[in-house]
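Next up: the structures, one after another.
Two complexes come next, and they have one chain in common, subunit A, joined by subunit B in the first and subunit C in the second.
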Partner chain A sequence: MGGGLSRVVAVAANTFRETVRERVLYNLVFFAILMTLSGLLVGQLSIRQDEKVLKDIGLAAMDLFGTFIAVFIGVGLVSKEIERRSLYLLLAKPLSRGEFFLGKFAGLVFTLLVNLGVMTGGLYMTLVATGRGADPILLTAIYPIFLGLVIVVAFAMLFSTLTSSTLASILTVGVVVAGRFSDVVRNMRQVLPGAPAWLVDGLYAIIPDFRGLDFKSQVTYGDPVPGDVLLFVSLYAAAYVAVVLGLGLASFRSKDFQ
Partner chain B sequence: MEEPPPLVTRGLTKSYRVGHIRQSFRPALVDLDLEVRRGEVLGYVGPNGSGKTTTLKLLTGLLRPDAGEVRFFGEPLESRAWRHRVGYLPEHPYLYDYLTPAEYLDYAGRLFGIPGAERREKRRELLALVGLERSADLPMRRFSKGMLQRVGVAQALVNDPELLLLDEPMSGLDPLGRRLVRNLILELRRAGKTVLFSTHILSDAETLCDRVAVLRAGRLVRVGALGEMLDESAAQMEVLVATPAAGLPQIDGATLRETLGDRARIEVGEKDLVRVIGAIDSAGGRVLSVQPLRQSLEEYFFREMGGERGGGNPWGEG
Partner chain C sequence: MTWRLAVLLLVLAPVVVWSHSKLDGRLGARADEEVLYLWTGNQVRVLFPGFEGLAADVYWLRTVQYFGGQKAFTQGRDFALLRPLIEITTTLDPRLEIAYRYGAVFLSESPPGGAGRPKEGIEVLEKGTRNLPGSWRLRQHLGFFHFLYLKDAHTAAAVLEEAAELPGAAFWLKTLAAELLSKGGDRAASREMWQRLHDQSEEGILRKNAEQQLAILDSLDRADQLAVVVEEFGRQRGRRPRDLEELRSSRLWRGPLEDLRGTPFRYDESSGQVSIARESLMWRPR
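This part shows the complex of A and B:
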């Protein structure tokens, strides 16, 4: 493994260890599992809708708790290292700022992957244990959830290099909310006819389209997401992450650690 | 060809931006020209806020200089190759709560590309060196400030560096820890390593350094061998005298510093020494000892920095 890559992997491995040892992560996983189990109870109350309700709640829990982890741990990834000055020891070693930044990102993305994997396992176990099939098409909705989380991490890291942790958390949550209601932005001129078209179009282009990554309803009705759509959302997420992470990296590289 | 010195800075300058609305720049380091010679222990001393930490942050790339040049072993600061030859300990290092010292040293070793087996051996050796073998597998959240400082010292040595940059290495240590770090610096010097350490504790610099660089308000005011710096003020002699029963008369050129029963401690200029001893003898006194009065580094600085002992403290707090 090349020197640069091995250093990125070292930082990523340490970040993974850090996040796994954070108690908050265990709590979130615990709550995600709890929500899936509660879905089981709700399912028993519904008529013929129990499987759908179970899948709905399971996928929504994955999305929600994954987002919490992505926002709050993502913001703290770099800012905590700066505030506590643990970064000073690392950057004096043959570790570039870029390697550090990418390593942190990769570490949290891996944590989210593992976390999502555990929750997926929990949902499938619940489905099988209650006599429903382990429906593989669920994965076609879970994969875009993961892509959305990766975009959220990139934003959290970008904002954490620009401002305080608190403000960075607020801004990241703002992006998540705006991205989930991007149609409101698109249709803004219907409510505010005076809004300039360039502003509305610009905002709509900048805000990540989390709605476009949301296939939960479609999948719970048994309708799988086609392969070409999955390829498109993969490319969309990759391009988005590259731009946002690039901006974060540029900001991090120019920082003075006083 | 002779190898370039471990560290050279030329015209190194840094200012900090102050204020939000009406911004101004406060100079933190001005035009620093410094050379650290191979195998020496150089003390970088000055009061709090004089620019010591700023210098070390500039050297390690944590701050960007406004102007000037830094070369480690002849290589520019932007090159990363020199980092394999340098170890750094910041002031009050924060180490990850969730890691153990063994894990942390392993992480540091990985960043240097040290192979696994070598890392394991290295961390065992370093933990023994800083006296933490028995705490190797405890999470560092349970550690005292002194224990964290020891882990900080160990991580600075993980790559077996030729040059060590230590920012207030004795800070926060108990007497045992201070002795350990002092001995370690002396051991490193014996092993031919070069050490640059900043301190505002002058007795540490006095004990350990070959040369001292004195910083005041961001400017380097003096660099020199400790002996040279102190010898300039060594023209005074201390004479211990057994005083006669009638007491010692006033002797021109001698200053009575202290009376201890039938003994007196007198300070005499070197040029007056023979005459004063003669006068003491004539008065019936007896000279018990004569020794050069070598001012301590602290006294030297108080004089140079314009402070007075027991009065205003040019070092600020701490």
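This part shows the complex of A and C:
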């Protein structure tokens, strides 16, 4: 068991190094420029709304950049190894498909964590530099953003085991968009009263509820996310990721690489 | 080859800068022609799921820029996009209180300071009170606007009464509502409201607008004082003065004959009426 975990960690560490080599973290430079310009300009353009605008820009950038990384790197994690045929070498070693799959997942999740952590520091630095307080309430929105990104990575990896990289990217983006409209799905029967309840309820249960993980607007007004909500959000995300990863793992295990 | 390219770039780069500055000089300061492709907040919301807060900020910045651009650079200011921009902003972020407050002023103020559509301004504030039912300040603004722009003292008093009931509301709201009901509204009530708005506002457009409104009220007071002196002149001389300068030479009036922005008052000898001249920045339709 301990050996299995250490192999997962080794794959994860390697994946992290790989993403860094692929210049994924370069988005942080763009984020730094964005926050600096925002800090300098927003105060002059908006009327007494600079703090809210800065927070909105910072949180939206974390969400958006993170989603891009999760989708496009996540899809390539397994498929690249297959295309480069390096997977065969790896699997010939004492490394199970499950350990490889989970290691890849953990590596990208760690990359996203580092990325989000640096962005959080950047946002706080901008707020402090522009004379605003380092509001810890923001963390109660950033944490659910991270959980959402983990779900996206799980989906990207699942689809990459099922189909080509291009189609997997399209499908993952589709899931992200659908998840961001989960409230529309929930209220679908108000617009389409004839829609069968089982269909609406089923769709709502299947689609990842990214709406339910979105607290950006709330925290920019200084309203913290209650602790019990964060607990349920964590449980929901953990369970959802476990299911999607489980499906991905099953698909990956059953894949014939001959 | 490389050095030729470098020379070419060195020659061309200043030409770009020079021609651009010439073009700017030729066209003069101008507001971009504004186009709105999406007319409702719900349409925009569909495009930015999960990023409504940021989209609201962008639309709010655009609203402020549009208002400033129309005010500064456009001849026939119709502020056509102002209401939809405010609507989109407040639909995307229903808690953005500043958009209701400033948006209502932008819409209600008479031209050239605003769009001159106070009913729309009041609709914006009504939407604000629906979305932020706990905000006594928004309700106070709504009451003030009913009185100041629609001259509806009764509704204004009722709304101020509602505002007074909200937690944290200012103590003077009830008194003001009672005064409006008893006196039906007068210049003193207007002055108090503008003074309150001035004191509550942060530096910027709202405070400047309140200062302008207070200056208008002072100018109206000055015109009324002049009208009284005109009547006194008539009683003493058996005729009204031919112009306001005659008041000064008669020594009945030693003060200025202009409004607070320096534009001479309009004087009608046949009626003895003294009023703010139409060309003055202080002039407002009654």
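What we mean here is this: the second predicted complex is superposed on the first by the 238 of 258 C-alpha atoms of A that agree within 3 Å, B and C clash if a C-alpha of one lies under 4 Å from a C-alpha of the other, contacts with A are read in each partner's own complex, and residues count from 1 in each chain.
We take it that a residue touches a chain if its C-beta (ideal position, glycine included) is under 8 Å from a C-beta of that chain, and two chains touch if they have at least 3 such contacts.
Quick caveat, the model's predicted, so the values are computed rather than measured.
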item: Subunit B versus subunit C as contact partner of A:L64, first or second or both or neither; value: second
item: Touching partner for A:T166 - first (subunit B), second (subunit C), both, neither; value: neither
item: Touching partner for A:S234 - first (subunit B), second (subunit C), both, neither; value: neither
item: Which of subunit B and subunit C A:S86 touches, first, second, both or neither; value: first
item: First, second, both or neither for A:N187, with subunit B first and subunit C second; value: neither
item: Overlapping contact positions on subunit A, where the subunit C interface meets the subunit B interface; value: none
item: Residues of subunit C that touch subunit A when the two form their complex; value: 49-54, 56-57, 60-61, 64-65, 93, 95-96, 98, 102, 202, 204-205
item: Contacting residues of subunit A [partner subunit C, same complex]; value: 45-49, 52-53, 56-57, 59-60, 63-64, 177, 180-181, 210-211, 214, 216-217, 220-221
item: Touching residues (chain side subunit B, partner subunit A) in the complex; value: 16, 57, 60-64, 80-81, 83-84, 86, 88-90, 92-96, 98-99, 103, 107-108, 110-113, 152, 155, 159, 165
item: In the complex with subunit B, residue positions of subunit A that touch it; value: 3, 6-7, 10-11, 14, 17-18, 21-22, 84-86, 88-96, 256-258
